[in-house]
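Read from first to last, the chains carry the letters A, B, C and D; within each, the first residue is number 1.
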Amino acid sequence: MSLDGGKQNEDAVAFMPVVSSSARVTGPRRVELVSEKVVYRTNLQKPAKVGLLMVGWGGNNGSTLTAALVANRNRVSWRTRTGRHGMNLADALDRAQVLEPELRDQVRSELSSMVPMRAPFYADFVAGNQAERADNVLPGGDGDKAGHLAQLRGDLRAFRAAHPGMDKVFVVWTANTERLARVDEPGVHDSADALLRAIQTSHPQVSCSTLFGVAAALEGAVYINGSPQNTFVPGLVDLATRCGTHVAGDDFKSGQTKLKSVLVDFLVGAGLRPVAIASYNHLGNNDGRNLSEAAQFRAKELSKTNVVDDMVASNPVLYPPTNNNNNKSHQLMHMMGPDHLVVIKYVPAVGDSKRAMDEYETEIFMGGRSTIAVHNVCEDSLLAAPLILDLVLLAELLTRVKTAGKDETFRSMNTVLSLLSYMLKAPLVPEGRPVVNALFKQRAAIENLFRALVGLPPVDPLCIEQRLA
Amino acid sequence: MSLDGGKQNEDAVAFMPVVSSSARVTGPRRVELVSEKVVYRTNLQKPAKVGLLMVGWGGNNGSTLTAALVANRNRVSWRTRTGRHGMNLADALDRAQVLEPELRDQVRSELSSMVPMRAPFYADFVAGNQAERADNVLPGGDGDKAGHLAQLRGDLRAFRAAHPGMDKVFVVWTANTERLARVDEPGVHDSADALLRAIQTSHPQVSCSTLFGVAAALEGAVYINGSPQNTFVPGLVDLATRCGTHVAGDDFKSGQTKLKSVLVDFLVGAGLRPVAIASYNHLGNNDGRNLSEAAQFRAKELSKTNVVDDMVASNPVLYPPTNNNNNKSHQLMHMMGPDHLVVIKYVPAVGDSKRAMDEYETEIFMGGRSTIAVHNVCEDSLLAAPLILDLVLLAELLTRVKTAGKDETFRSMNTVLSLLSYMLKAPLVPEGRPVVNALFKQRAAIENLFRALVGLPPVDPLCIEQRLA
Amino acid sequence: MSLDGGKQNEDAVAFMPVVSSSARVTGPRRVELVSEKVVYRTNLQKPAKVGLLMVGWGGNNGSTLTAALVANRNRVSWRTRTGRHGMNLADALDRAQVLEPELRDQVRSELSSMVPMRAPFYADFVAGNQAERADNVLPGGDGDKAGHLAQLRGDLRAFRAAHPGMDKVFVVWTANTERLARVDEPGVHDSADALLRAIQTSHPQVSCSTLFGVAAALEGAVYINGSPQNTFVPGLVDLATRCGTHVAGDDFKSGQTKLKSVLVDFLVGAGLRPVAIASYNHLGNNDGRNLSEAAQFRAKELSKTNVVDDMVASNPVLYPPTNNNNNKSHQLMHMMGPDHLVVIKYVPAVGDSKRAMDEYETEIFMGGRSTIAVHNVCEDSLLAAPLILDLVLLAELLTRVKTAGKDETFRSMNTVLSLLSYMLKAPLVPEGRPVVNALFKQRAAIENLFRALVGLPPVDPLCIEQRLA
Amino acid sequence: MSLDGGKQNEDAVAFMPVVSSSARVTGPRRVELVSEKVVYRTNLQKPAKVGLLMVGWGGNNGSTLTAALVANRNRVSWRTRTGRHGMNLADALDRAQVLEPELRDQVRSELSSMVPMRAPFYADFVAGNQAERADNVLPGGDGDKAGHLAQLRGDLRAFRAAHPGMDKVFVVWTANTERLARVDEPGVHDSADALLRAIQTSHPQVSCSTLFGVAAALEGAVYINGSPQNTFVPGLVDLATRCGTHVAGDDFKSGQTKLKSVLVDFLVGAGLRPVAIASYNHLGNNDGRNLSEAAQFRAKELSKTNVVDDMVASNPVLYPPTNNNNNKSHQLMHMMGPDHLVVIKYVPAVGDSKRAMDEYETEIFMGGRSTIAVHNVCEDSLLAAPLILDLVLLAELLTRVKTAGKDETFRSMNTVLSLLSYMLKAPLVPEGRPVVNALFKQRAAIENLFRALVGLPPVDPLCIEQRLA
């Protein structure tokens, strides 16, 4: 589908200078302040149309978002391609059981004409229980990855051709969680060239989601991964950089994890020490079903458990670092961070209504304990679907922003758009850059960017002038 | 008791320049950036001793904090005065049932020699069930407020005299919640002079907590109110300003409200619209018992329900403002903010172990609903007691900070220390200044002050240099 | 409406002899076994039609049940009377927001023709916020109770006349909770004659619900009270006895209380001692709105808090009785039973979706504690509506049962049908008979009656023959 | 240790006749009532001393119970044997961290002299993480099962010899959950003789818990299994029958499962249909640690998930049976019973404080849903330890009870004491007899037995005489 950019077609470019200050540690107790005037240049020409291709369009997230956009057609319009097999979007919406029947009725006729394109299906990467549902697949199994890449690139070009004025295309993986690809074999995932070669030989460790990423990069589309698997192998990021496009990931951050990154940030920031975090989920949609197999769950578990690492590390008073990394006994682990477990289970009877039950056990003053138990009920797809919109809109803006420092050379955003991590559970960041999970910091980064684009300094809640006599 | 400031007795004063930038709205779509170099001057001479007088010392918070300080004596030392009546601190600690018996044993002998001073007791302001417990009171009931004021001032002077080198004294109200004082009568609470006159006539609407504040101001002590009643009538703030001292309040923010200000900030910030917040508490300590009467509960309820107001107001997309303020029908109220209720109940069997049960009902995408239920168990006093330390330490620092703008005139902090609101449920702010309840903003304000004091700019999670190609 | 009894029109009467054994305490440590053959006689002629008149038909419970019956019309048929004012049932169903829109659509046309009869409205007995909704009332306010009684009796007779073959009529109060009637004035509520006289003088303490009960008794209808107020003053029970009809009450037992009577029964039975029970509710339907005023809530609170009394009394090891009833200090109360509180709040945003949050604090082995927190979400009316059916069906059966002991005289069921207490929160029992709240006992009583009616002995899970070698 | 029976040494035997009635299905719609006079004979001579040997004495349950008994010495006395290796009970109690330090201090000196006997340790049956803790084991690994049996029998005989007057000995397995023994090989577990032969050859599928059972049977001791593994292979029950002793199992029923068997019984009994039950647990004691391995967890999971089977089967209206047992698709499973999952996780930071989080999703009237979420915190051992006492006391009584029917032949209780299932999660029953999990039925069976022993009929809550006019 294509998102219509509306009436504003300004040709202008806005330049905004902002004084950017940061601190540089220059000695044991010495910190030097570094100030630099940074100029932000924003291309104000918004695209007439933005194309959005969702991998897994017929899933709950895809069908929900599409129906919502149709329902809000005053703001948004889109077109669809036709395919031969497969469930149309109206039927997918009924299967999802997310939206109210009356709403579904009102968008049914329009959605009935939308049929997803065929996609590769590599059974080795998804749960065995998914095979029966995968009825709209390209032929060749996992033995013709080069052919699939050619087909996907052709589909992308045809999509553009069918929509004149569609300047930018965003591909979002909203499909199933895959198992983690094994990336330990040299010469497969470690560079763009290696990856392209591996596709030619249909290497078994090239996942379907990575293949979509390769197609997107080669066709100049931004690629966003809404599932937790390791789609972004080094070779894919390398390729996107070479092609001058962008990527973002991983895993839509919609519910339990979002709340957790807020609560732990709050607790640790207040000097209260979480000693145990137990997170249980169950859901009955196809996401839950796919995750009921161990390999797929493992990918998800990793993306959900790393979320407190940076907050723990931020407070060495509460969590003193330990010297002995070899000794992984429970006592030492206990000192290094909270016990943290994540469980996801498939319970058909609750459908798309996801249940999250969390317990936070916290050590407080004088060895006391505080126990916080949270029970959260929500339609999973109603939290995830709007994130897709937010991701695309923010990513699109970022493609139009450049900054220059004192060397007066304008640089684009990094290939990896880490600013999108507010909506993503396991933030992908440029290599060597720090991962930030704390949600309020992620949000403040976006807010401060918006301010910088119009020449305003970062938010400073100190407001010293409000505090003085 | 007095907190020993330790060995550092630097005489120096540190000056730190910081560029402070803010935005000024100059037209419908025009904002002008205002930059000013601000110099922060910190008096590095920390007091040799800091005196802390807790009103309600024998309550759970006071006895818990005292025992903790004794137990941590390596860092802290203190002296006590002797009084004739009243339960000693060791017995108070046993009654509180907060700390472990073994810990209590180890501090018992020291605490046994600490006996609270006598205090005024104005029965009209506290619950009827408190009379039996109030066995250490000054004579005169509520008919001799002038005499009480003189006695309290004498006690403060004696306290200072008994501890040479104690430069600063902090008085913290940790006692019972009083009913709200009625402040509608002109000429009673509206100026320092009026208030002092009202004390002379033992005006019935001058509360005990206000009287302590008057004594503190007149003796140059900082006064902090850890309960929710309206202690800080305009006349008391006026008096503190005239005396050049400081105040902060109201109501220690320890548990449920703190969590709420985080969760609602998160939800509203993420574009999710809370439509109902139901907060239930029960506890069995004397705080709960006192709050079981309606007038006292009303004061508490007010301090707990205003906590989401600024967050609701911050997002006019979620909560569109309404024109018709006269029409308070439920439909309109619904549009103006979430339904919000707070219940506190006295349940002796749970003792100091406070139970909070909250439900957040949130409207999400396409009219969907998300329900978050939270059950929180915690020893109330173990959350509140360390706040007293934090409040005193931060307030003490603030008394040593001055800033100057381009006019090069150094100004002290406002009489009302709004920066302490991170620890306080219903932040008292200088008149006309905005109230901020969002916890992360409150914390960032403190963090940015600390940075400014050493010449660093505010935290900016954007870190644009980490995001570039 | 009338419930069609179906095809079975047997004329027979079934006699079933059962040996009933019970124990009689005859000395300090002596118990004598009393065995008696009891003959149960059941009139097998089921009524061709059963009439059901719901007071508060247009409320959530009434409209939900009616729509459900329409939707299940294969089993049930009914007719309606027409009135001039008032919301029809289809509109009431929409207002209730309980059932799915599609279901509502399918029963709309039928329900549109059903309009409730007018009823008296005594504003003094319900919350002030109910006046705007009460738009279908008989004239005369509370000054013409005799006229209202005549009108109600006339309505009942007309109802019967309009439905030939309708042998039995059941009147169920599903309307608002009233405040408790004050019954301390002699000569008003204490006998049937006094009550009838009080109606003639429009005595202010004769409630609307009692007036309906009087009309029902005089017209030979069974009367069931689904709200918690003290409808069944002695004079009303007296009158029903005199008229040879039956009554049952009070207050539909649908959710939180039902669960509580199960959990406390389990805990106390297992030797675990509940020391505190905190029950919080909020809901946004009209029931919640009416209960938001103190007098109406008081009636509800009483019906909900007595529910554990018999279980506490059943285990004197856990809850030793105390001699000194005058001393109501907290320590003693603590010994006499658990701290128990019930809170109900009106939260419009959650509508008919009732939220119950309970905490059970239990003392276990060696002074340990167990904390059980329960969060329960349910459409209130979907739990209550089917209870109305169960109550009527069971009550109807009971009107056809008689038993005889060795004197061979057959006796009917008592005027007060205490067997219906499985569906009622505050069981009304014949004077001097014990109140049983334990839910499993209430259910076993019904099950054992059904068994006795076919000549089977009570359920005995011992099944000794299954335990032997 | 030995439990002292106290002063009552009656020699008498009590005979009590009770009329036992049951129903026999004799045709499609015909049921015949069968009445029989049953005589209960109770040997009133209580044992002077009862010996209790706990396997896993040094674990949390064993040490907690022992300390409690010491603390209640007025009622109970005991002796201990001395061993050479191993942690003494006082140290075990400290490790358990269940009881208050002061209580531990007061029993320390006495417990310090109690040292567990050595036991076999078959590493293949327990989690790998248990090896370091198993420091008090018999030599031979799992290669000398015959030698171990001889040693255990010798220990039992020595225990009896050391305590003159100790008539009865009870052996209770309170040790770790073992993995399930594989019992599919013929000629190993299927008869007493086969089992004894398998021990002679140290067959790898003879578990340690079964070996203890064999020793107990051969020495005439009652054996109770407090863990979930399949200790009671057919050959062991056969052997106990041959030796004239008794067994009971499996798995102490202390918390979450107990509550579940109550809630599901209540819901199904009330016509509400549970469609999903999700049960999550985490705990940090050694039980949790051992269960963190898959094989041990599997045994536990089975004992916890079968608990609703009989209740589901009891209501074919809610759960209609399905014909096609081969088709195990999710749709069909859904029709056959609720989705039911059980998760147990090891979280060291919470220690012995077990956390259970359950969600019950129930379908109610007209397709509505009710969601009940439960959060339960409890010291695991404080719930389990008193069960050991109850089990032994009830089992001891049952060894003194005989009943006779019309053939006047007295029969003992079956080898398998199914009446103990009130305290056991996965009730072991005599072969071919029905399993009852409903907790109130289990309790009523015990209550009715006690009544029968004194000649009273079963409890009948109908109390028809209370219901009549």
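Methods note: a residue touches a chain if its C-beta (ideal position, glycine included) is under 8 Å from a C-beta of that chain, and two chains touch if they have at least 3 such contacts.
All figures in this text were calculated on a predicted structure; none of them were measured in a lab.
Between the two copies, subunit C and subunit D, the C-alpha superposition involves a rotation of 180 degrees in steps of 5. Two copies of one chain, subunit A and subunit D, form a contact in which over half of the residue numbers belong to both partners.
In this assembly, the C-alpha centroid of subunit C lies 40 Å from the C-alpha centroid of subunit D.
The distance from the centre of subunit B to the centre of subunit C, with each centre set as the mean of the Cα atoms, comes to 49 Å.
Taking the mean of the C-alpha atoms as each chain's centre, subunit B and subunit D sit 54 Å apart. Chain contacts: subunit A has residues 100, 371, 373, 375, 377 touching two or more partner chains.
Per the touch definition, subunit C reaches subunit B in the complex via residues 275-276, 278, 280, 282, 284, 330, 333-334, 338-339, 341, 343, 345, 347-350, 355, 357, 359, 361, 371, 373, 375, 377. Those residues of subunit D that touch subunit B in the shared complex are 100-102, 373, 375, 377. Here subunit D touches subunit C in the complex through residues 19-23, 31, 33, 35, 38, 64, 68, 71, 98-100, 103, 241, 255, 258-259, 262-263, 265-266, 269-271, 364-379, 382-383, 385-386, 403, 411-415, 417-419, 429-430, 433-434, 436, 439-445, 448-449, 452, 454-469, going by the rule given at the top.
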